[in-house]
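First the structure, then my questions, so here it is.
Naming follows writing order (A, B, C and D), and every chain is counted from residue 1.
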Amino acid sequence: MDLTTDDLVEMFRKLSVRMATERDHLCRLDGFAGDGDHGIAMEQGMQAAHLAVTGTEGSLQDLFNAAAKGFLNAVGASSGPLYATALLRAGKAAGPRQTMPRDDLRQVIAAMRDGIVHRGKAEPGMKTMLDAWHPAAEAALAGASPDAIVTAAQEGADATRDMVAAMGRSERLGERSLGHADPGAVSAVMIVEEICGTMRAEA
Amino acid sequence: MDLTTDDLVEMFRKLSVRMATERDHLCRLDGFAGDGDHGIAMEQGMQAAHLAVTGTEGSLQDLFNAAAKGFLNAVGASSGPLYATALLRAGKAAGPRQTMPRDDLRQVIAAMRDGIVHRGKAEPGMKTMLDAWHPAAEAALAGASPDAIVTAAQEGADATRDMVAAMGRSERLGERSLGHADPGAVSAVMIVEEICGTMRAEA
Amino acid sequence: MTAPTQKLINDGNAAVDEMLAGILAAHPEHLWRPEHAPRAVVARQGPRKGKVALVIGGGSGHEPTFLGFVGKGLADAAAIGNVFASPPPQPAVDAALAANGGAGVLFMYGNYAGDVMNFDMASEMLEMEGVEARTVLTTDDVASHPDRAKRRGVAGNVFIFKAAGAAADRMLPLDEVERIARHANARTFTMGVALSSCSLPQTRRPSFDLPAGEMEIGMGIHGEAGVRRGPLRPADEVVDEIMDLLLAEMAAPPGARVALLVNSLGATPLMELYIMNARIVQRLQQARLSVHRTLVGPYCTSLDMAGASITLMHLDDELAGLLDHPCDCAMFRQG
Amino acid sequence: MTAPTQKLINDGNAAVDEMLAGILAAHPEHLWRPEHAPRAVVARQGPRKGKVALVIGGGSGHEPTFLGFVGKGLADAAAIGNVFASPPPQPAVDAALAANGGAGVLFMYGNYAGDVMNFDMASEMLEMEGVEARTVLTTDDVASHPDRAKRRGVAGNVFIFKAAGAAADRMLPLDEVERIARHANARTFTMGVALSSCSLPQTRRPSFDLPAGEMEIGMGIHGEAGVRRGPLRPADEVVDEIMDLLLAEMAAPPGARVALLVNSLGATPLMELYIMNARIVQRLQQARLSVHRTLVGPYCTSLDMAGASITLMHLDDELAGLLDHPCDCAMFRQG
């Protein structure tokens, strides 16, 4: 069955719950190299995004745009502009439709990756969320199964353990950032999981 | 053998060493009800008193006066004026003599008590150093043995455990001052001990 | 044996003198120190012929109290004691003689046994020099005693000294400055809450223990025990408990004006003080009291203690005018 | 599960908005907030026709940075973010539009990935409104990167903002104010030392762990890792390690003048800062550098972190004059 705006609202509800659950874990991760607040940003951002979409009538694109605005204004920080841009691009990919084939969520994942690159100017290997989003997007475009897309994201996030941060708050930590996964990459995997869950939910 | 100015210098050296040793213990006691610094005051005060008497030529009274000034200027606080006045009175009691019978240290103990009363206007039972000095002075005047004088001071200090502070920094603590001895009374016992040790030291 | 408390100091016994060296180096345009008076600081501007000399002082560890309030329009000089220890008489005498303008000296300091004994000795010494010295004790700590005369002086010093300093700066005679100082003290009420113990530079151990998760309402600025110990509550509840007591003590009629100080005891940052202030002003509005002036920050600290205090001064036109009077001190400027 | 860190707050998520309410209530004569712009604060005095609008901002938790420096002679407005989080673009736009005097807007803030992305979006939005906005990033944290352009902005903000704010207050055109801002930043060098972790209002857990007895040299004001971790040393040794690096970076010739800031990261009291200053001035004298102005206190904090930072600004006549320019902010006044 196609993806409806109600399905999209439900997806943001799941994302909001997920981030609330993982808040302290993500903060701890951010504490190793960054400023310890990533979990708070993602919790508040997804909560605001969910609130925004529930209050919005319109197309899938309208909902993604509302989510982008809600996320950005609630959060700021690095995650705010990055996910706001990602969600705007996701909206463009979904387009002014009331429903779309769930398989089009592959384009949504790729569009989010593109938005993050556009806003953050990072490249894979810099120990950022992109290290999860990029392999996920490539897998999605290559027609991989939802599970395989999640695995790609997860492997990308795991790989950040061996990277030295070269972007954002946690830049130039040398050893201390080594050995710990990038919090933004870890939260990215969770988002990819929820999107792929939605993609999977045929019938 | 009579008490000489050298004996007096030696007594202040012992007092200085003693207070340095007991510093942290006295600070901890002061922490229960007061501001936690009594050990520091007594250490610095007796150190300064010892330094002052070593640098002073003259009579026993001159040395006590120098000790008073040294103690006061190094310390301030409550202990400073109290012991400065006590030591000035001790000097009066010793008088402008180069030596005196060791037994006259009884008058010195009593004079110090009087000085503390004069300066502090406290009465026995108010949970102050006076609760050690007063019984010590009474015992000294009554001709008690050096050991008995120390015992009197010790019992007086112990009794402060069951008193509620009514003077100084630690006033109006209710329960919290109960159960702990007054730091000034405890350090007073140490001073009385050193004086009585000197009194005892018939060679 | 736990690790010593985390402090950026050298030898604990040298802390006060090193601090003074750092203060004099940082504020040469505000402060100077008389020769042979290592523990007295005097205002560059302020002391002058025919002016009452306001001399404050007390133990160290409360910075910017006391010496941060020495300057034009506020105190003329301060006597500096060891940490938590009244200065001996000599620095008080040195400070008074350096600031003396021939119109008399007013000593102002918190009501503590040690300070009273030392400053009284200083007054006697000044008398021998033919200098008239009077004393006004501050007693604003509501938690410290039911009897106002026996209370300790704490953060309210800032407002009380400020009023007296403004009066002296207006060249009022000693009688008037003393009257105003007593009046200012009588209308000032403070209550604090401690969230952690302080530790002395010499011991670097907590002076008392206050377990994590606990708070102590009414604790003094040297760690003197307060009125109630219990689990740490949200800021609004803590503020309410303190404000209930302060408002009852102050007993100001609706429509009255107050000066407000939200003070850090040392380790508590501005964010928390302002969060407290958001609730304080609600309580003042409910009581129909208006705030003429608000100070927020570390004004009277207790070394590295975490916690805060709230001070209310019940204003009349005279006190309001005196608080508005400009002052220029190393650590406090206004107007 | 250890007890939450000791804070006088309510709901951690409400901390910033409650703090803002407390600040606006305490400083109505200095600050106001535009309607529908809950996270923008604007100076009562200062913004005016024909004047470049200096708009600063960043995450909360650094008070008095940023909003304490909004006032006549310094910044015209500030955008307020969540704790340790850049504000989103909207508050920056709101602040800029409220302060806009038709002579252009200069955004100044610390160089952090998040702040750059959000303020750049704000600049784009202002462009659409036909308002020219330029940006100068502060990069004074010597420890944060070998390459100056990639360094973070920390306590040196105070001097850098001050210089730019004075230039704008003198009604200089946008080109000049921008040039001065870059010049001021290029000559400002900061390095900090942390003695304890801060904790966020939402988590109330230490954001990182720094065991008692340890210190971290060069730690950032959000707990970003520094250059060296080791046993806590006496203040003089810590100062020497920091001054060695700062003096080498600054490379000022003998006889040069500097402005000096000895800053508390939050929990470290004045006594310790002044003890540090006593050693700092010795080092400056040895380097034959003279101190034109010294600031000591909490100017750029990291919530409840214990520790301090030292900032040196290498002055020329232009910068010295701009630092001497009067300013009147809620939390910083001069002249």
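Operating definition for what follows: a residue touches a chain if its C-beta (ideal position, glycine included) is under 8 Å from a C-beta of that chain, and two chains touch if they have at least 3 such contacts.
All values reported here derive from a predicted model rather than from experimental measurement.
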Compute the centre of every chain as the mean of its C-alpha atoms, then state which one is farthest from the centre of chain D.
B
How many angstrom lie between the centres of chain C and chain D, each centre taken as the mean Cα position?
29
Distance from the CA centroid of chain B to that of chain D, rounded to the nearest Å?
53
Centre-to-centre distance between chain B and chain A (centres being mean Cα positions), rounded to whole Å:
73
Touching at least two other chains at once: which residues of chain B meet that condition?
none
Chain C: positions in contact with at least two other chains
none
What kind of graph do the touching chains make: line, ring, star, complete, other?
line
All pairs of touching chains, each written as two labels joined by a dash
A-D, B-C, C-D
In their shared complex, at which residues does chain B touch chain C?
23-24, 27, 31-37, 40-41, 44, 72-82, 119-120, 167-173, 176-177
Any idea which chain D residues touch chain C in the complex?
2-11, 15, 18-23, 25-27, 60-61, 63-64, 68, 193, 195-196, 201, 211-213, 215, 232, 234-236, 238, 262, 266-278, 280-281, 291, 294, 296-298, 301, 303-304, 306-308, 331, 333-334
Chain A contact footprint on chain D (complex, rising order):
13, 59, 81-90, 112-114, 117-118, 121, 144-145, 150, 200, 202-203, 205, 207-208, 220, 222-225
